[in-house]
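Chain naming follows the written order as A, B, C and D, and within any one chain the residues start at number 1.
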């Protein structure tokens, strides 16, 4: 029978995967003021670059992950320089449609390069280590954790902490926060908003690229739609946390991740509905806290 | 039994284009007119299609056995399949829209977008997993009364165009009326509309429900066109297609929505002829290039003509939030 | 490493056989057919293909004209969920076409025109409308998923009286379509496989199972057939758990299947989701507690190459069996290997058979039109007649006025009155990470 | 109607986080007068205005318009309440039905589950409503009802509906337009065209009154700041309210236009309209108002005639110090 604690652990692992994507999406949302629908493709691309590094070139997995981090980050810069600079004053809806176009474009490029068939990272299989086996009353507790799980959670937290330090300790990070708070004020204060946007794209892309690697490690299989398939959940996490708040997004990611897994315990509801669950939670929270959990603060 | 040859292909494309045009008009009422950022088009499209499939099954038996001409308008008060299916599709979509609207229409624009997207996905999961109702992943047959007619495809085209005409008239009349004016006020600034005594929630709900009902009608027509529907027809990508039609045609313009739907058809179906000009292109590469092209065109259009063909420049280029 | 045999691993195969570069990349279907067939502009023929054959009397009865081209449509899922099937269909059909066009049937060559179904009905109907009405094909093959196939049959092929040969649509429901004989398929209905799978599970003394089923037409159809037979055999199905393709995690489904009442878990899913599932199942230790079974959908190179043997060793299941020992299959596999540098899947065999039957039917009818093909294709596949398995043999027998019975790569393909071939199934077991066939399943009927 | 003033404000408070924006302000506005509301920046004038218009519910205190609490005015109507309750019941009922139909084919049980679900949905909705209003002090913020009741505001930064023309902006305001019911429009009710014609006529008059005829079909987004102020006033006039809350009506308006505007406001007062005006320009406010309320740091500093206010040391201190 499903062990309740195990579900929570699974949720934490899944939350960690969407965590990186959520932070990046939230930064773009807050600073650029638009929803990046191509974010799922960033994840996919990160996964496929990891694949290229790990399988095609035979590099160690974390070096491949670093490649994904750098490459997708660079792609973010490229997109910003080529495409987005023309759209600094566009309305959010224009930007949304633009990113939908970008998503279709990127996915087609991924297809052309890697084909439609699934690819596999071929990471070694591992049976989870059993921890804390036992029970109290009716509640079975007992969890199995694999080293991949631990690596995913660890890596996600390290990058999240890194992002936190970047946002609080560096000039650029502080400029980003200022711009998220108030664009015109930031401009008046002499912040080079153009550069800030580019850096935001880079950071957002790099985090998503790494998120893609984690996703590939967890799923084991890569295919062109993999990122798009979870981007809705990422959006749910971002909105739940409060748009534009990376810390809110972190909380949101874990809440959504855990809630999805734990929803299996509700009797009479098919496991397939757990994806719907993320949205129901999100809407329920928004009804009572319209600004999201972080309430528009950082 | 049917029209054939290139003409039939054209008829089929026009029918699909007409369906997209109806969807685009529905979305235009919501987005172009009222500023509701709805990304659940595919859900209402699907609800309409499934409703039509379900009711056509119910009514099929009796109405068919009478051997009546199927487009015959009722005399003795017995309803005939097609209008019933279409109207019921609209009603069911409307009811669902009310239920979805209550929690989501209070939300800020972008929250509404994601919330509606999530609900659309939930509805698709219901199509997929509630086999007792929808046939689940296997899909659902549609007892299409048109199939036995002499010119099935032509009849469907005529029906689609008639529906499109009605929908266009309703939308245009609505837009020109004080009702349309109030919706535009909400689009421009909801708080001002409130200050002027407009019940904005109620008006937004009306726009949302009417738009969704129109999408439901398009769903019923889609069911008649495909004769068999599966949940895989109603994935989020199709919502984006309708958005493309509205944005490219020009937000706020119903004529633009129709032109946008035409453009969408060219964009979606045109590249099918790509392989005629580029022999040696494999099917999968052609398919990928097609999406590459769609993405590219989309980016170019919003970059160089953000207001679309017939759009209100005001709406698309100035930040109204 | 694994990239070598990975279905789209262009790079590795390119080096070895530059001449087939485009083919391996999935390219140049039309050109290839045209080249092998004598290069009389097979692809350029698309343009005038309309008047060439759309009205059925131009390119047909007069079989003497060596230049006749018979346009056949293939609606193929080049994009969308089932995109991996598109290349299999292309490879199988191209292999058949190269043989057909080498020999020429009824004095002409078959020209395949493809269109993308995007794995959705809307696009599939548009694609087939284009093929049928714009390109004027008389015979349509494909698409992949059964839902799309039924939409196309109901909306395009049946009303237009176009012969429609389905290649991968195995849904049991298709058998009952009111198609006036125009719809047939080269793959067997899953109704048969469901029975075979139930038999295998039952024979392993597993009397209660949980099913994890991809929730589309394929999964549901097969699961229903399985469930029916499995219950008839006196067993119970604890739960049927739907699982959508393309999810990043199936732990919820696996947790639900992890049910103390069941002794086994049956997976009816595609390789893509299966790889994720089996990974998670292994991490959860499910293999320790349950016997696991699978349908044919997961018998694939991908699973063999990418899944660690320890996760799937001992897994059992069924596969619609190409008679692997048969000479026909061996020849087919060898040719396939030569052409594409990989082992064929059963799907490629179905596509191959579809086109072989089509070629023979055209020759038998002596003309190319929808009705002629629809009639002849039943005749050339029936058990009565000399068994043939190549175009050359078939042609000589037919020219001698004998009835023939085509024996295909995928089996004996005897079409019944509904246009379904009967299926024969082997049961397999995973031994050392590879699917080992264990002989045919006796469904006891 | 007793001797209750048109508007009575009684000890209203508003807090944002830890900051107290408005702290126990109270005043009254008599019918047919012009009342000025002044104070240095950050005195809480705009917040007070928002609360008067119903855009922000006060944390404490009461605002009575013609003797009725604004919260009562803004109550959802009975129809709206039953519509929400019904929807909640419908959703829960469908949920119950779906759950039941998964496990049992019995129609009776399914119907029962649906009924139970509907009841639960109804109960849950009512319950959370009661909880919200009685125990969490939920306040309604539905300013359109205030506006309909006859108290209408303008905005400090003029918020024109930019996608609408000047004429359309004016046509938007009148209350009770049958054409705003889309069914009546589609059915081509006579009342729709009649009202519309009447409104057109009135809008032409207002254009004439405000000297905006030449801009009739211009998009409001293209107007100058002063023209927008005029339009905003025109929009209010079209709605014909009893009490008009003007937020900085002449800020950014050129002196000539400003004079016209003020003259119009005085005319209107003479016709029986009541005004409450927030304005920074002291000359304007001193000339226009009969009574002036001075706010400082969220509190009411004093209230009196222009002369009284002008001579008051505390007011001068507040302005200089603030």
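The rule we apply is simple: contacts are C-beta pairs under 8 Å (C-beta built on N, C-alpha and C of every residue); 3 or more make two chains touch, one makes a residue touch a chain.
Because the structure is a prediction, the values reported are computed rather than measured.
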| item | value |
| --- | --- |
| Steps in the shortest chain-to-chain touch route ending at chain C and beginning at chain B | 1 |
| Most distant chain from chain D, judged by the mean position of its C-alpha atoms | C |
| Central subunit by CA centre of mass proxy | B |
| Separation of chain A from chain C, taking each centre as the mean of its C-alpha atoms, in whole Å | 38 |
| Distance between the centres, which are taken as Cα means, of chain D and chain C, whole angstrom | 67 |
| Euclidean distance of C-alpha centroids - chain A vs chain B, Å | 31 |
| Two or more partner chains touched - positions in chain B | 125, 128-129, 284-285, 288, 290-291, 318, 320 |
| Multi-partner residues of chain A (at least 2 other chains) | 111, 115-116, 270, 272, 275 |
| Chain C, residues touching no fewer than two other chains | 78-79, 81, 83, 86-87, 215, 242, 244 |
| Of all residues in chain A, those that touch chain B in their complex | 29, 35, 83, 86-87, 89-94, 96-98, 100-109, 111-112, 115-116, 232, 235-236, 239, 243, 270, 272-273, 275-276, 278-280, 282-283, 286-287, 290 |
| Contact footprint of chain B on chain C as seen in their complex | 22, 25-31, 43-44, 46-47, 50, 54, 76, 78-81, 83, 86-87, 90, 114-116, 118-123, 125-127, 129-130, 132-134, 136, 145-148, 150-151, 154-155, 159-161, 171, 173, 214-217, 219-221, 242, 244 |
| Sites on chain A touched by chain C in the complex | 1-2, 6-7, 10, 14, 17, 55-56, 111, 114-120, 122, 124-128, 144, 146, 215, 218-221, 223, 225-226, 229-230, 260-261, 263-264, 270-272, 274-275 |
| Touching residues on chain B, where the partner in the complex is chain A | 31, 37, 103-104, 106-111, 113-115, 117-119, 121-122, 125, 128-129, 236, 240, 243-244, 247, 251, 284-285, 288-292, 294-299, 302-303, 306, 316-321 |
| Of all residues in chain D, those that touch chain B in their complex | 53, 55, 80, 84, 87, 90-91, 98, 101-102, 142-145, 147-148, 152-155, 159-164, 168, 171-173, 175, 177, 179-182, 185-186, 192, 196, 219, 221, 235, 239 |
